[in-house]
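Here it is, the structure, as structure tokens.
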């Protein structure tokens, strides 16, 4: 395994799930839970003749940032597209529940130091949603995750990280939306319906899924940032993600609450305003909205480096 | 759907009438909240009485289409629909916020939806937020004490079912004789992707309900609490489950309900048996190192 | 799939061949003995991802009287001999002993298998990470 | 001696053309311009049954509008055409056979339509003349396969019919020259009709009609390989190629076949090549389309010149800004020309390196499969020893000096030999073997009733094979037996490789006929993606200083 310092400098996009997990926590602090040696492979794939993985395509574990325990869930997109089944779905839920229980223990054992020791959940999404080989179990697991999120609400932050090739789609798209904070690199994408399905539903003239520039304009990180759906747009290094996570770790919960996009009447009303705008405007392309929000030359935004983009971009103003 | 003479697919509004006390459904009104009448037309929300008790109704309306969002019709949950559903839940919570659990109004989800809006505008604005917010609202209502009951009367497909159904305390479904469909993907698609014969997949699904389509398989996995065999029974069965859920919540046994409760039920019914073992092993492994993380 | 087949008459016939019905994953077990084996320094090591055309390798130090045990789980049929030779080559090239190797494979080509084994071996033999 | 003079008319071809043209006058609006809506009528007027017709089909640009319109002509008016064209890519290229408009075909390469050609042959919807290399087909345009009507594509035209083919000239000059000077008719579809062209690539005198097509012609970024998809195994083979062949022979002038293997080589020049001290010693002159993966090598000063068969989508601005390297017109845009580039590739380069699907134990290699008539394009023009070559270079002489059969074939004279290199993994994706006892080309020849097996590169031309197992230096083999043993020795665990005799392989290693990565001093552990000068398309853009503008499908931003 690469040294931690090297990991911090290396590409998040190119890294695998385990490297990301290690690199998103303090040096030498990560302990994998239910790692490959436990051999908890999917019981459902072998009968369908599909290859298995010892960690079922998800690295889960605990590390630290300062005194904060960091509960990490890192999906591996190379294994069946990072899709969620019974075992990895259970690992995801189990990790969030561990974090919530840890928060309760810290409240009890270190009541004065809760802010400094407050745990966090970090989820690196790389998935298209439900694993169809065990689709029903995968679907039910999604609901369990949302349920567990709600239990953590106002107690500890749940951070969504998307910086992978697969992005975050299907049911995991709304799981990502339901987190407190979203951190992405330029290559990250979040959505509900994948580009191929949109093409199938609307026709190639309306949406050409092979036009990746269009795909990125629609669901990519820059679009999410402009829309206020991505809180941190970072360079593609594991270290940049680590820094952003560390920044959130120390923020008060009240401030973190402000980074959310959904989860209260007020936030829903705000989103309804956006839906009204879109319904009235009938945008043909995300760039129509970029222009609306004050970006005079929207076509130039995709070409800018992350740093340049952050300097010049104008975003949707949130109340 | 010729083969199912009595199917309820596409009949969300009829289902409301069949379930609630006659002529009690007040559309768009929840507590003091009043929803715009033409907003999110493919979802119908409002307040009705069920055996004399006020309930919030959230149903799909497959007969409508949303003229602002052309992919939203036939029961599809679009952005407006999802936010409308979320508002119905939040305002139910608000209306009863000072009441004890025993008086918090039940929320009844009448499920007949083929999916979430699969369009370009939906992705640009973030369809995922809309469905996500509805789920968070339901989870909050459930944890606040409202009994949330979902009844699948027609289609409960994949992400749309997650959004409108799977956050309920209890899920009920009409039996397959009514043409009820619960799945992520039909077996034909699974066959295409796994390159396995459909006959073989059907054979496999009898012993392992984990990928098969149908309410009976979700039942085995704990995903459906009870199957309703006669449409006339819907009203009584729903009312009985409302009472059950009140009783369970009164005892503080929230973990027996909702998604987590369905996991326990799944194990009991022999449907999903590995996940709890995996989680137990994780807990054990964490316990071994917990001190260095919690007391560092 | 569709294929074109030449009949004995010289006629070409269009054949629609049904894809072979895939059955359960298969498990292959092997044992090897190198001439002058050395074991790994770490207790265990893990490398790789079961991605399409790739594999993961789990190596564990185990008292096997100098032998190497290998277990391969793969969806691919008909390559047992290739696995035997490839693993044998690795054990021989690196003089591996007292190690249990477990592989989850998804259609990796022999060179990918060999490179991953070499990488896993290099990692299992390096000093403990800081 | 009595001379018998033939009494006949000597300008029937010209007369016929003039008749057709005067019948078509009604469709001409202004100068040579015909409205797009009149295209079918025009084609029905100027094309007669049994004509030889060329639809310009290239590796990249396609006369797609004219191809589509040819499919719409009335088969009772236009039928039994003999299509003579280098590349069949579009469905319409085969639809004309399906509809009974065309009957016979002479071609070079069919790519995506290969399966349908096999099917049509079987169903007798199509008669195949021959599968050619590009140069052969161009040659035959001037002998016995001259088009009567050519349907070509250009970027722009003016009213007088002058054409600007711009960045992707490709086949246009050779088609038009053959057609027009044998009294034929040239119809051009253009993206735009303008008052003044940036430059004239085809003189208006040679063009009869120009049509502004409703949509710009279709163009495929065929030569773009995303570095993000390059595998460790490809990197290993690239390291072996650079050290064991490029460096060993000092190859300065070369062509790269299309594929990830050669893309990996291009991306290792500024890293591994630099480390080996090979800069200035290898890879100075390329006959190559503007590969985006060559950008880092160009930018770090490796490459002196590149002449291209055609353009590559997105490389326009980069090429224009590097006119020291590429062939650029006075207007600032590149001039490509497949006929000249193929000629250069045949005579003026020292090495061809490319991939294949199958290699047999004799060293014949083929991309044919049993059910696809795909053709070869230009690879055999470059992937052979040019027997007419008379100039010498160091690399060419070194291979010639090492050639084991030289004494038997030409005695004491000194003669060089082209490096012809195949780079292959023993198993491809889905574990399809790269080495087989019998090429699928044999089955295809039988299936499609071809007189010869469609072999891409013949064993006697092949000098080297690179696999992950090692390099076989085949020209050093003194007999077929030895050559076969060398091939088996690097064929890994394929059926061909399993038959290798370990003792013989060991002997061949000692003799320097096989070199494994170890023999070459290459550490397999270093073969990973960190060796690449650019790891993704975005980094190629950075290397190009923003001049490379990748097509949408290659973006992830």
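Residue numbering begins at 1 within each chain, and the chains themselves are lettered A, B, C and D in the order written.
Criterion: a contact is a pair of C-beta atoms (placed from the backbone, for glycine too) under 8 Å apart; a residue touches a chain by one contact, two chains touch by 3 or more.
Only a predicted model underlies this, so the values are computations on that prediction, with no experimental measurement involved.
Name the chain whose C-alpha centroid is most distant from the C-alpha centroid of subunit A.
Relative to subunit A, the chain whose C-alpha centre sits farthest away is D.
When the mean CA coordinate of each chain is compared with the mean CA coordinate of the whole protein, which chain is closest?
A
If you tally contacts for every chain pair, which pair is highest?
By number of C-beta pairs in contact, the leading chain pair is A-B.
In angstrom, rounded to a whole number, how far apart do the mean CA points of subunit B and subunit D lie?
Comparing mean C-alpha positions, subunit D is 58 Å from subunit B.
Would you kindly tell me how far, in whole Å, the mean C-alpha position of subunit C lies from that of subunit B?
45
Between subunit A and subunit C, what distance separates the C-alpha centroids? Give it in angstrom.
Centre-to-centre distance between subunit A and subunit C: 33 Å.
Where the CA atoms of subunit C average out and where those of subunit D average out, how many Å apart are those spots?
37
Can you list the subunit D residues in contact with two or more other chains?
Residues: none.
If I count partner chains per residue in subunit C, which residues reach a count of at least 2?
Residues 22, 107.
Residues of subunit B that contact two or more other chains, please.
Touching at least two other chains: 194, 196.
Where on subunit A is subunit B touching in the complex?
Within the complex, subunit A contacts subunit B at residues 31, 33-34, 38, 40, 43-44, 47-50, 60, 62, 64, 67, 69, 86-87, 89-91, 93-95, 97-98, 102, 105-106, 109-110, 117, 129-130, 132-144, 146-151, 153, 170-171, 173-178, 190-193, 197-198, 201-202, 206-207, 218-219, 223-224, 227, 229, 261-265, 267-268, 271-272, 274-275, 278-279, 282-286, 289.
Using the touch definition from the top, list the residues of subunit D that touch subunit A in their complex.
228, 529, 535-536, 546, 552-557
Which bits of subunit B are touching subunit A when the two form their complex?
68-69, 71, 79-80, 83, 86-87, 90-91, 94, 116-133, 135-137, 139-140, 143, 158-159, 161-163, 166-167, 183-185, 189-190, 193-194, 196, 204, 208-212, 217-218, 221-223, 258-260, 262-263, 266, 272, 274-279, 281-283, 285-286, 289-290, 293-296
Where on subunit A does subunit D make contact in their complex?
Checking each residue of subunit A against subunit D gives 11, 13-14, 165, 186-187, 210-214, 216, 220, 222, 302-303.
Touching residues of subunit C toward subunit A in the complex: what are they?
Within the complex, subunit C contacts subunit A at residues 22-25, 44, 46, 49-52, 54, 56, 58, 60, 73-75, 102, 104-107, 123, 129-130.
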